[in-house]
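Note that chain A is present in both complexes that follow, paired respectively with chain B and with chain C.
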Partner chain A sequence: MTRDELQKNIVSILVDEFEFENPGLTDNLRDDHGFDSIDAIELLAKIEEMLGYQISRKEKEQAMSIRTINDILNYIETIQAAHQSQ
Partner chain B sequence: MFTIVKRKIMQRRVVITACSAITPIGYGKTDIVESLRQGKSGVKPLRDDGLLTERIHSKVFGTVDYPIDYGFARKDTKTMGPVAYYACKVAGDVLAESGLDPEFIRSGRLGVSFSSTHGSPTIQRNIYKTFFSEDKSKFSSIGAVDYLKSMVHTTAVNITRMFGITGRVVASSTACTTSSQSIGFAYEMVKFGMQDAMIAGGADEYDTTTVAVFDNLLACSVDYNDTPECTPRPFDVNRDGLVVGEGGAAVLLEEYEHARARGATILAEVVGFACNNNGGDLILPNLDGITATLRLALADAELQPADVDFISAHATATKMGDVIESQAIAEVYGNKPWVAGLKSYMGHTMGTCGAIELILSLYMMEQGFLAPTLNLENIDERCAMLRHVREITETKIKTTAIQNFAFGGVNTCLLVTDGRE
Partner chain C sequence: MAENNSQPSFPDNLINCGVTFICWFYFVFAFLFFFSFFYAAAFIFSRERCQSFQYLNYLFFKGFLGLLRILTPRQKWKVDPKIKTIQGSIIVCNHLSYLDPLIFISLLPRGKSIVKTKFFKAPVFGWILKISGYLPSSTEGIHAQRMITEIENMGEFLGNGGNLFVFPEGTRKRGTVPSEFHKGVFKIARMYRCPVYVLSIHNTDKLFMPGKFFFNTRTDNCIRLKMLSCLTPADGQKTISVTALAENVKKIFEKNTYSNEDTA
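Up next, the complex of A and B:
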């Protein structure tokens, strides 16, 4: 999945299922969109669904430093790269 | 039998300053009162759930089948199962009706006493489906918030979350006495000075599991599957069991001086509450236990039996439950107070029933009438010693008793007086 495809998918999920309004790639997820810890766990489940495989516990813990949509995209690309190298 | 203990502790008056109910016979005072006056039943055919309905003998349910405009944002609904929708809607209604200052709502002096029988069976059912799925990849489909949606105190804490309430949380889940306990314990919180106000009540969602349980216990109505409006039939000789129902109801309990100081409308005063246990069988109704509850409530209120004008009986329309309750009422009150079984209009709304029956009673006290027990055509001679409400009766009611009993041998009685001054 290219970065553009990834971005399109994630923004679509955030708008349709998390009710984000006009999301920007560098918006602070919590301050600008009220995204909380429950949302983070739910989003990880959506990402697993999108990727088609389970994310490891260690990888999930790394997601806790995510603050922006760009962070989400970087995070998924890191996971994809690790998965492809296995 | 029982001992009345008097303690020298802070005792404050507790009043009801707002109420709201979503019931099978309507949402809000106008609809509910109209249904009561017209004898309209909220019992409908049991919906097919693709799982249990086919095997359940009872095919009726007290159903909320009208649309409700919730208007909740996703930030709130992400932790809510259907039961919490009912709970938050009625809680929001009482806060709006009360006119309480937003600062007070967040002050820690307002608490929540609210619960349900099971949490959310709809969410629990989805979790079980995943557990029993042979597709192992389905495990991750259990949502992170499924526990928050399904836990027993999901209603109470979704209310605190939605409205930013920071006071005490009480989530008493005791089957059919859930909301009557919620209100009783909230009354005691305010009376004894632990909180200045409490949102109290209960909710239960559409659930065939509960129907299946009572069905297996031979306690559900099965003879009126083709004429749902003819059941349940409290005190009637042809009653054949209870009908499970759904709904949500909340009252705002407030310390009297606090309510007066802010010019709140006082709907009623809670003057007494009692709660005990039969101390034995967890299913069968117990005359000694129930009789003791009724007397304890009168003692708490410092009232005499003759002071009570109307009794909202638990009256589920089971064979033995109605007889034992009739005997208890007769022993404590004789045949002076009017008695009605309000479940005849909507079935047994489980954890919600005490709160709904209180609110229906408040509406009738305010409007000066009593609705009859629906479907009471031929009184069972073992229940005939009571003064049953048989038709719409225009009368002034000063004091009402709300009686509820639950599996587990839990009994409750709330006593309220008309609070309008």
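Up next, the complex of A and C:
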């Protein structure tokens, strides 16, 4: 999945299911949209669905420090790269 | 008899002190010389360690509240019997006193809650919270793993009849308007599409006042725990709005809890 496709999917999930309004790629998710650790865990489940495989516990813990949509995209790309190299 | 807002007399103070001392005695010694053995046995032998700990918590606090009720005959307790039948749900309630969570634990054999992370550091108590599957209120540092595990296990816990009880205002509240809610609990409701029961508790702060060490047992008081509403996702409803759910609960609180600050 390309970064553009990822971005489209993630923004769509954040708008449709997490009630985000006009999210920007560099918005602080917590301060600007009230996105917290429970949202992060729910989003990880959506990302797993989107990617079609499970994310490891260690990778999930790394997701707790995500602050922006760009961070989410970087995070998914890192996971995809790690998964492909296995 | 002491009146509300008046200084208790010396004999009343003495009785308050005695009741508080006996309750602390139960807390420490009933745990050390009775319950600790069962906790240890559950830890070593139970296949469902988390569930066993929750049940022991239930028994321990049932004993505590039973003792408190015996020692405080001027307190009337009116607990809606329907509350004990709630299963597989999220329970939200206003929060007045440190007694509130203890009351919920004593009513729900399979219950857990979200607690401040500092409590997880407390010796023994923190360990029991961890084994009982309580959730930390933040994911700072070492709590990230616990939060992920507990949230992921929540679906199974609720599916097996467990209840998550939460005080969405976060801290003990005085006044006539609900505080801003922490929305985490509503996000869990969205995630697992489970019913949300809205309860209201009254007058626990008159028996155990915030900021006071001693129980105030000498004033006539009626502690009430009522079921106000149950919010369930509509059939076919694809997504649940956390904002709408929180607003609904807030309206129910405003209408039934804070507009009805009752007396004994």
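The rule is short, and it goes like this: the second predicted complex is superposed on the first by the 86 of 86 C-alpha atoms of A that agree within 3 Å, B and C clash if a C-alpha of one lies under 4 Å from a C-alpha of the other, contacts with A are read in each partner's own complex, and residues count from 1 in each chain.
The criterion applied here is as follows: a contact is a pair of C-beta atoms (placed from the backbone, for glycine too) under 8 Å apart; a residue touches a chain by one contact, two chains touch by 3 or more.
Quick caveat: nothing in here was measured; it's all calculated off a predicted structure.
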| item | value |
| --- | --- |
| Partner chain(s) touched by A:D16 [first = chain B, second = chain C, both, neither] | second |
| More chain A residues in contact - chain B or chain C | C |
| First, second, both or neither for A:I41, with chain B first and chain C second | both |
| First (chain B), second (chain C), both or neither touched by A:K60 | second |
| On chain A, the residue positions that both chain B and chain C contact, one per complex | 19, 34, 38-39, 41-42, 45 |
| Contact set on chain C toward chain A in their complex | 138-139, 144-145, 147-148, 151-152, 183-184, 187-188, 190-191, 239, 241-243 |
| In the complex, chain A residues that touch chain B | 18-19, 34, 38-39, 41-42, 45, 48-49, 54 |
| Complex contacts: residues of chain A adjacent to chain C | 16-17, 19, 34, 36-42, 45, 57, 60-61, 64 |
| Chain B residues touching chain A - in the complex, by the definition given at the top | 73-75, 78-79, 137, 140-141, 143-145, 148 |
